[in-house]
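Two complexes come next, and they have one chain in common, subunit A, joined by subunit B in the first and subunit C in the second.
And now, the complex of A and B:
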């Protein structure tokens, strides 16, 4: 365990050195956050499929309870119950478009994690940084519970719980709890908790900031304590359901799914759940008494409970949908929390966009009309009117526009079309459009995965460390 | 150019505008006005642009610049801070100005802004001089020019045995350089 402690201290020091300009010390946040003895309890597992390069290298690291797929390297790092999902990495021979350039990818891209501590973090997608196309790096970074590092190389950063960095290279930044950042490239910024920021320079800029007081009911993170709030309670309450799927090595699925759909063996499926065609259910997804229509998906850390998704519904990483009915083509962004109740269901009309990190938490029935875009905190009809707009109207914005706590600058049409294109890309990547022969995606490619487990040293000086392992075809 | 030393161009502390700590901005501005009136403009056409803040031992503890005084006019509350903070997120200056004006209009906060600012304390708006803002009185002017340019300062505090004895103003240094340029041209 001594070596594990040394490793943790070294990572904290490296992150702090990078954050010195911001005057930020992560030590009080990290101290005791995950007791080191937790790190020796869980096995790590990596998937093998014929569709993804088999290339893993683990060195001087702890990988407890973490999942790996695709080309990954982990050095001098601690990964606790994290998902390193390399099934969207660029491959040798691909062309990467950046502005007017087409750049040839000359080797398979890999996720490269070094000197970092990731806690229950999802790493997915591919590096969107044209300066580092073949290496999706995460170094000197500490991310906390349910953070998403999505297509975002990171160096010297601290990510709060339920935060997301999406398609953005981040350097020497603090990303506060439940903040969502999609801004291309940022450095030396301390982003307050609950900041939702989507920027495409010269095109649009969207900013919404949660009231600190209201957000703290859902998530708050203070030095010396674990993250607290309704989000944490919600996942903790369902933790036991995951234990069985992780405890049993060869689990037999009692549920049959269509041949063109994929149900990960590390997902929890409770009774009365329907999985339609071309559906992707990723590991650590939780489904209960719900209907997933054709082409829908549930990504990592998604919870879909007592709900109906008509079809082609994207529920991005960490999205939670409870007591809700979603029409076709509704998009629910990262870590959104949509909660109706049995006598007050949440109804979302078709083709609506629920922005990443949106909270809809109602105690009275609420209907979101079709083709609307919704952001921020909505607990009733009045707040819905402030924090939503018809997509068509949003598209007409040109210049500076504000509504409630949302501020927008630029062309609304560009913002909407960026979202639409992204949603279409996600559906395509997930295999929602598979017709039996063409347009295979994750729902079809991730079906036949065999998982191999690896374990750390059980005792001694190296207790908790995994031996250096290199896995090649 | 004549081999000027810093002390040749400095304004002695006794001729500069100074106020004791604890003074209001209005008192500082009045001291500046008084210093201008009493200043000997025989050798320079430039006015003073700052006020030095002295502690009870007559030591300089800060410098209040024109910008410092103007800063006191800017409204300060959470809403304004939030608007200013938007700059970090890449919003244009035009948009930030427009939001600020809209807010000030709605909140009606421009009314007695001058009166309020005049009552504020100098300590809240002065700047504590940094290491690069001190220059020894016998230093050559080149040294002072280097410090002014690299640190983008409008003046330097001139010291003798560690005590501040005067202020070297950018305007006076510029005037000396300007005359030297003209002289070198006419010497050809």
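And now, the complex of A and C:
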């Protein structure tokens, strides 16, 4: 275990060097956060399919629990039950459009994780930084429980639990717990917990910040302890349901799904769940007594419980939907937590957008009208009125605008259309629009994944480290 | 599956080219022998330990069910539920003694399988050919069900079911079903089924041949069909017991074994089995209601049922022991089939040697006295008398000697001492002599193996082929 310990120390030191200008020391947070023997205990796995560019290189790393998929190189790093996807990597010969420029991609894009420690962090690679089109790097970075690194190359950063960086290149930043940052390119920032920041330079800037006190019921992270709060309790309570799917090599599917849908063998599906056509259920998704209508997707780490999703619904990474009814085309963003109760259901009208990192947690019935956009913390009708707007009205904003704790600057129409395009891209990529011949997406392509498990050295000086592995077509 | 089919055709063609001088065509035997979709269905696995030189390279091959362990390269080959072990590979700096010569090993030995198809074949690498000390090759070779390639580099050969080549370099040979060949170096021979041939050039030559008619009850192999007979029925009947051990990723051991013994997680252990100290139970071993005394080993593909082995007993690859009581230091050679019955037990006295590929199949009680050597087919007391001798008497043979269907030429003392040394080496290598600090063997070293599973492309042109994989320390 000695080498593993040295590796962790090395990563912490490297992150700290990058964060020195912020005067930030991650050591107290990381110390004891994941006991090293946990890293030895779980195997890692990788999927291969004919649709992903196969190219893995693992060196001097621990990989426990990962999934990978596309081209990925991991060096001097610790991945703990993480998940990396390379299913939207740019390829040699692609043309990338950035504003007025057309940039030729002249080598296959790859994910490159170096000197980093990712804890239960989802990495998705749909990256947009024109400066680093062919290498999606995660370097000198430590991310904690249920963070999302989504299209966001990252160097020298520390990500708090349930935080998301999305389409943002981050350098030398601290991203607080449950913060969502989609901001192009940022460096040397210490983002407070619960900050929702969506910015498109020269176009718009959206900012909302959770009250620290209220957020701490849901998630708080202090040095010397694991992340705590309702979010952690919620996932911990359901952990044992995942046990079986990880213990069996070839799990026999307990249910049939339509031939144009795919249900990952590492998902948990509890009774009375309906999976419609063109539906993608990703690994580590948790479905219970719920209806997933045509074209819906349940992404990694999402939980859908006692709910109905009419169709074309996106439940992004880490989204949680409990006791709710969602109309067609409702979008639920990353790590949102939507919780009704049996006698106070949450109704969301069609085409509404629940922004990433939104908490709707009600004790009385609540209906969100159709075509609304919702953000921040909503526990009742009154808070809903403050933290939502008809999308149409939002589109008319031009200039500075504020509502409750939300501040907006720029063109609302651009903000709305960016969101709409994004949602459309997600549905398309996931196969919601497949018509039997055209528009295949993950729902259709992911049906034939073969899974491979790999293990670290079981004892000795290299205990917990994996051998050097290279896998190519 | 197209590529897989092409690969098989290519292998058949290459073996046939090598066998052209024997006028032998393997195609009718191989056609349909293993439906190609079976190759896609099973995953492969490899173990890693701190004690084995880690170096795997797999290229353009199917590997379903393998195990490997030491340095191994597989190219353009099909391995179907095979098992390869590299735990006695020579290493850089070793000195190899051959008669009066001392040969320095100047690079680590590796197993190199190319253009070959191995079906449920065990490969073990304790090779002795001074001409190929650093490369253990298996090339242009097709071996069938439950064959053993033991210390035997092989090129251009076809091995029948339950055949064994042992410490023999074979080139362009056909080895018939259930034949056992230990003969130094042979080429261009077509060995009839049921031939037991042990030769040490300039020293001795032992030859026994089963009656074709009697052998066919146990095993026969004709073109266009799978191998048939009692041996096949026996293993097929117990196949489902292995299902569970291959279906679960981390199997919890149902029993504790002494700290100086090891029980492979891919072995089947049925109730009322006792595992003593310094015992090695290898993968794919099957134990039921049996007693394994101190220092015993149960090697790959062996079955020990309703039997007692007092201690320091070797049950070599594929040995089967049913309703029998074996004294200390009894050796049971490769693929031997020893079957008593509940009211007619087979008793074998201490220090007896049951030669490889011996069949003892009784319907009345039978006792083999201690320190006897037994070969061939024995179904009653009378046949025992013909097919056995006191080891001491055997040692006095000098010149030509025959008994029943057995023919011996040379010095009996050399034959006996070669066997004795071999048995001693096996016990030592397997850890039978471990005293708590010294003489560690597989029983002690194999306790910490981590298993990794890999899978082929699930669909598409490359269906059934594995990606190119390289694994190094």
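Heads up, the rule we're going with is that the second predicted complex is superposed on the first by the 473 of 473 C-alpha atoms of A that agree within 3 Å, B and C clash if a C-alpha of one lies under 4 Å from a C-alpha of the other, contacts with A are read in each partner's own complex, and residues count from 1 in each chain.
Note that in this section a residue touches a chain if its C-beta (ideal position, glycine included) is under 8 Å from a C-beta of that chain, and two chains touch if they have at least 3 such contacts.
Being a predicted model, the structure only gives us computed values, none of them experimental.
Colleague: With both complexes superposed on chain A, which partner does A:54 reach: first (subunit B), second (subunit C), both or neither?
Modeller: A:54 sits against subunit C, while subunit B stays out of touch.
Colleague: In the superposed arrangement, does A:409 touch subunit B (first), subunit C (second), both or neither?
Modeller: A:409: touches subunit B, not subunit C.
Colleague: After lining up the shared chain so the two structures overlap, which partner does A:170 touch, if you call subunit B first and subunit C second: first, second, both or neither?
Modeller: A:170: touches no partner chain.
Colleague: Mind working out whether A:84 is in touch with subunit B, subunit C, both or neither, as first, second, both or neither?
Modeller: neither
Colleague: Let me test your reading of the model: by the given contact rule, A:201 touches which partner, first (subunit B), second (subunit C), both or neither?
Modeller: In the superposition, A:201 contacts subunit B only.
Colleague: Spot which of subunit B and subunit C makes contact with more residues of subunit A, would you?
Modeller: Of subunit B and subunit C, the partner in contact with more residues of subunit A is C.
Colleague: Give one of first, second, both or neither to describe whether A:400 is in contact with subunit B, with subunit C, with both, or with none.
Modeller: In the superposition, A:400 contacts subunit B only.
Colleague: Is A:183 touching anything from subunit B or subunit C once the two structures are fitted on A? First, second, both or neither.
Modeller: first
Colleague: If you look only at subunit B, which of its residues touch subunit A in the complex?
Modeller: 82, 86, 88-92, 94-95, 98-99
Colleague: With touch defined as at the start, can you tell me which subunit A residues reach subunit B in the complex?
Modeller: Result: residues 183, 189, 197, 199, 201, 205, 207, 209, 400, 402, 407, 409 of subunit A touch subunit B.
Colleague: Using the touch rule from the top, collect the residues of subunit C that touch subunit A in their complex.
Modeller: It is residues 43, 48-50, 54, 246-250, 448-462, 467-473 of subunit C that touch subunit A.
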